[in-house]
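As written, the chains take the letters A, B, C and D, and residue 1 is the first residue of each chain.
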Amino acid sequence: MESDWRALVARDDIDVIDVCVPQALHATVAIAAAEAGKHVLCEKPLALNQADAKAMLAAVRQAGVRHCVNHNYRRVPAIQLAKQLIDEGRIGRIFHWRATYQQDWIIDPEFPLTWHLQREHAGSGPHGDLNSHSVDLAHFLAGRIETVSCLTASFIDQRPLPGVGAATFAAGAQADSPVCGKVTVEDASLMHVRFANGAIGSFEATRFAAGRKNRNRFEIYGSEGSLAFDLKRMNELELYSRNDPEHIRGFRTILVTEACHPYVGRWWPPGHTIGYEHTFIHTVADFVTAIHTGGAIHPDFSDGLRVIAVLEAALESAASGRQIKVSSIHSPEGVSS
Amino acid sequence: MESDWRALVARDDIDVIDVCVPQALHATVAIAAAEAGKHVLCEKPLALNQADAKAMLAAVRQAGVRHCVNHNYRRVPAIQLAKQLIDEGRIGRIFHWRATYQQDWIIDPEFPLTWHLQREHAGSGPHGDLNSHSVDLAHFLAGRIETVSCLTASFIDQRPLPGVGAATFAAGAQADSPVCGKVTVEDASLMHVRFANGAIGSFEATRFAAGRKNRNRFEIYGSEGSLAFDLKRMNELELYSRNDPEHIRGFRTILVTEACHPYVGRWWPPGHTIGYEHTFIHTVADFVTAIHTGGAIHPDFSDGLRVIAVLEAALESAASGRQIKVSSIHSPEGVSS
Amino acid sequence: MESDWRALVARDDIDVIDVCVPQALHATVAIAAAEAGKHVLCEKPLALNQADAKAMLAAVRQAGVRHCVNHNYRRVPAIQLAKQLIDEGRIGRIFHWRATYQQDWIIDPEFPLTWHLQREHAGSGPHGDLNSHSVDLAHFLAGRIETVSCLTASFIDQRPLPGVGAATFAAGAQADSPVCGKVTVEDASLMHVRFANGAIGSFEATRFAAGRKNRNRFEIYGSEGSLAFDLKRMNELELYSRNDPEHIRGFRTILVTEACHPYVGRWWPPGHTIGYEHTFIHTVADFVTAIHTGGAIHPDFSDGLRVIAVLEAALESAASGRQIKVSSIHSPEGVSS
Amino acid sequence: MESDWRALVARDDIDVIDVCVPQALHATVAIAAAEAGKHVLCEKPLALNQADAKAMLAAVRQAGVRHCVNHNYRRVPAIQLAKQLIDEGRIGRIFHWRATYQQDWIIDPEFPLTWHLQREHAGSGPHGDLNSHSVDLAHFLAGRIETVSCLTASFIDQRPLPGVGAATFAAGAQADSPVCGKVTVEDASLMHVRFANGAIGSFEATRFAAGRKNRNRFEIYGSEGSLAFDLKRMNELELYSRNDPEHIRGFRTILVTEACHPYVGRWWPPGHTIGYEHTFIHTVADFVTAIHTGGAIHPDFSDGLRVIAVLEAALESAASGRQIKVSSIHSPEGVSS
């Protein structure tokens, strides 16, 4: 057991580093690990900004090590099944992507000003924290995002400092009083995008949706059919097929717990569900397998960089009130995809 | 029975005119009816553009007649209940409005170029046809919209002319060939808005969502609770309350079929549902009652004008790629609300 | 307008009588109508007992008039679609029928002793009132019931007489006191049955299921697929097909609002729902059409009699604690089916 | 690692034995473990019959060791929450229990005659395998069952022997041919019960419900409210409360993933679901804690015996066509509860 990451990276008996330090340290640790010849699994989002992400991508490429970003929701069996159905042609040409990622944990105005609500520590609010998941899924399932327009909102500007009692706060909290601080990240983000393939998409990320504890939901509409997924019911996938006979068309709820479904054959008998942690187990298993076999693994750092490019373009749009083109991605050494 | 609307308007034995001619004729008929001293019920959207809508509003005010726009979904009992719950304070300060209105009837590329798909006849596509409903509901339930950004999409540019056989089309259809015509309205529209009260909102209208036959759905999130409605299940309303004890909070599905619910006491025993046409019956009943009692009736032409102002601003945004402020509404005689 | 049914039956200008008097009078009125040469539509259940039902059947047969029982739920489009899917072979050999019909209107112990709760007026409680619907649907969709076992329950024995104030009741109500009366029908009924085709089935009828306002639900399981219906969402039907590819099997929710669905082509565009009263409209339309064309109409009095035979056998089972065979149905003139 | 259970039971360094051998061996192993002074956790159902179960209960009592039956579904957080809500009085006097446990894995007539389908190996079919779960939950949540009536069904009598190719079977399988064998357990079971507290209940267990992979569902209806649970969505519980204001009553879906919910505080942040295996983890944790603290643990062998008494009475009812009283439970040494 090491408590110093530098000591860990220096060890000879370790082949893989999982970078799960705070986001602002991702680049430092990941680059050091790559330089030490370790394969690198990095928690999401890949980095605080595109510059860091590009440096990380350059480092792993230079070192020739395997790299993966833990956008863990790709490893939900139902989402892998969604990808399989798209690849089978069951959705056809995609017209619409719709994503929401809603939580409700800061509705109470007395919720304190934790680090999540300060730009210098968190980079951004739900736009980065939650939309990073949704944008990765959109790239995985619907295609590459080309242009973005974004609108953000702040609902509560001042919050009590952590440790300040609610009573004190209620009694005397003024803006800029010693017990109060300013929220410097957005409370919610709405994005509209165009994909390279002509589809359009919407994203909504918020921490102000009462009753939505962790609602990571997407819908995909295409020329042959449609898909819908909701993390609350992560063992289910909804499919509509225009190829069914007309009188029996309808959204069907596939219980993704059969041996024929992705990952499921390794778990329980039919009809027995799995939980959130299995997404991490699947990611680790896939990454180790990819290292062992030399096979492909996604999302890699290039995919992670692309997510950040979209999120950054969106914040630029929110600031300017204009649609923004997502920058094409070039690394010093010709990063592309 | 009259087949000439002018004859109808001229009759002495008629007090109320229901304007259900094509949208491009709304202004002509409604103004004539008002000038003849008739109370006017007008199908939605009120007019093709703000100029017409303002003229209509001026006419009914000048004539001193009652006026109403048939945004019929306000008369769904579950939606009236939503309004009641908001007025009771059960939702609190509103943070988010989310609306979708999805259909799927023109996904087939061989669906012909009917009048709905030509700007000169229809004004716009789902943006006007469907979003007019959603914007009216947003004004009713969430507040006044102040700024808009919008993105529209066209998925299928050319379609066979009506009456052209599918075989002919498949065999020889070229762009601009005699059997083909150009689609001149949008196929889908995405809007983001800010409300005067600080809330933000999203709207999506499309005819390309496979499996969504007529999905008029909205969600409202506030500081005390949340609401969700889906027209497919028009006798139901979902409510989440942050004021429930913590361990039993959850979205509850209210079956809006009790005598204590709006309109329902006039229909069946508990648990028996009503259908789409009842929204029209309720509208007519409410309008006639308002005429009889002199009580208020909404949405009136002023409300209808406000919907059109939002939709026009959105199209301006879609064309320019910029956020647009919704014009404030002034009539020659100081129309306001 | 006639207020005396005998005068109505005697009129020459009337061809069809709809018997919607209290159940105890069905036989008298229906037989008189038949003898006067009228076609007869009779509300459900057909009669208080088999003897009456047989007499009614004999009368309409003797008179040569058309006859129909208004088990109106057969005329829900989704239920007609269920029948169609069964006839198409999509369900295969039927193994299981499951029906529940739950209400909750007499849970309050202060709900008064209305006529519904007295055997001499109502015949029975939910067993007759609600299970008559479910048994008719079982005969329509799953096959003929051969044996029955039944268990009934009484939860509240004494209730205040109608018009007795709640305060009086709460203060002084004793069993057999002047303000109280005895409930003489069952509060709930559970039935298990075997069908002639080897399937088994369950039925549950109650007025003590809090939150179930009028939950008329059934499920059918067969060798090829399954069906589920819930009246609360009467425009929907759930279908599972074992003939779908294995990885995309799931219960699909068919929105029964397309022109290709039973009855729907006569109503609204796709996706627009209908309500409870449409079941009555469909029944009347079908009956009048059958009279006009001479075509078949079901459920007729023979079907209605069969429902009553099952319900009577069940009550005999409940009294004896034994399985009971449903009597085969013979009329004086050889009634059979 | 021991491969001989006798060696395991003899070891001094082991305090707890988990009996997960086939059911026919439960009694032998559990009694030996108890006699060796081990605490015993036994998989469900406790034993093949009441005689064995009583001997097991006597053995653990004599030895003074702790004992537990792994009816694991009691440890689903949502089911513990259901118990808590009942104990809080939110359901009131219970009127109805409804349980279904449906699977679909032997619908195919070519599914082979595995040991599950032979009485000498499996004791019974879904009646024992699935209803044992449901009966334990009924005892936990609704009360003690007093009388039972039961109906069983066999849909497919002959099946190919394991290892016989489908082609051979299809070509030449005759009843009693060398490639075929007789199914000697029931394919489905329906039970009706009366509880000691006056409630009534229904149970349905089957392996012939197409599309129901592992549908362990129950509903409870009481004087104050109702509950519903479905294992497919094991992180959810539905609650209806008659104590809500009338116009906002409805079934609410509680997402049982908050820190205030049973077990959940030890797992993920709000809104993150857990899976099937967590029920086993919770059972082991609770059993070890009970051993450590001396606190109560249920279901114990006495509870396990009571389940078996109900199942046996039901089979007696199925054979005789009569309602059967569940035997009161007396051990040689006065087992009771």
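Keep this in mind: a residue touches a chain if its C-beta (ideal position, glycine included) is under 8 Å from a C-beta of that chain, and two chains touch if they have at least 3 such contacts.
A quick note: this is a predicted structure, and the numbers were derived from the prediction, not measured.
*Asks:* Compute the shortest path length in steps from subunit B to subunit D over the network of touching chains.
*Replies:* Contact-graph shortest path, subunit B to subunit D, evaluates to 1.
*Asks:* Per the definition at the top, count C-beta pairs in contact and tell me whether A-D or A-B has more.
*Replies:* When the contacts at A-D and A-B are counted, A-B has more.
*Asks:* Among all chains, whose Cα centre is located farthest from the one for subunit D?
*Replies:* B
*Asks:* Matching over half of the contact pairs by residue number, can you pick out the copy of the A-C interface from B-D, C-D or B-C?
*Replies:* Checked against A-C: the matching pair is B-D.
*Asks:* Please tell me the distance, in whole Å, between the geometric centres of subunit A and subunit D computed from their C-alpha atoms.
*Replies:* 40
*Asks:* I'd like the Å distance between the centres of subunit A and subunit B, where a centre is the mean of that chain's Cα atoms.
*Replies:* Taking the mean C-alpha position of each chain, the two centres sit 35 Å apart.
*Asks:* Give me the residues of subunit C that touch two or more other chains.
*Replies:* 212, 249-251, 255, 258
*Asks:* Which subunit A residues qualify as touching subunit D in the complex?
*Replies:* My answer: residues 103, 105, 212-215, 231-235, 255, 257-258, 268-278.
*Asks:* Which of the residues in subunit A end up touching subunit C in this complex?
*Replies:* Within the complex, subunit A contacts subunit C at residues 81, 84-85, 90, 239, 241, 244, 246-255, 258, 260-261.
*Asks:* Under the stated contact criterion, what part of subunit A meets subunit B in this complex?
*Replies:* 95-96, 98, 100, 102, 107, 149, 151, 153, 155, 187-188, 190, 192, 194, 198, 200, 202, 204, 206, 208-212, 221-226, 240, 242, 249-251, 321-323
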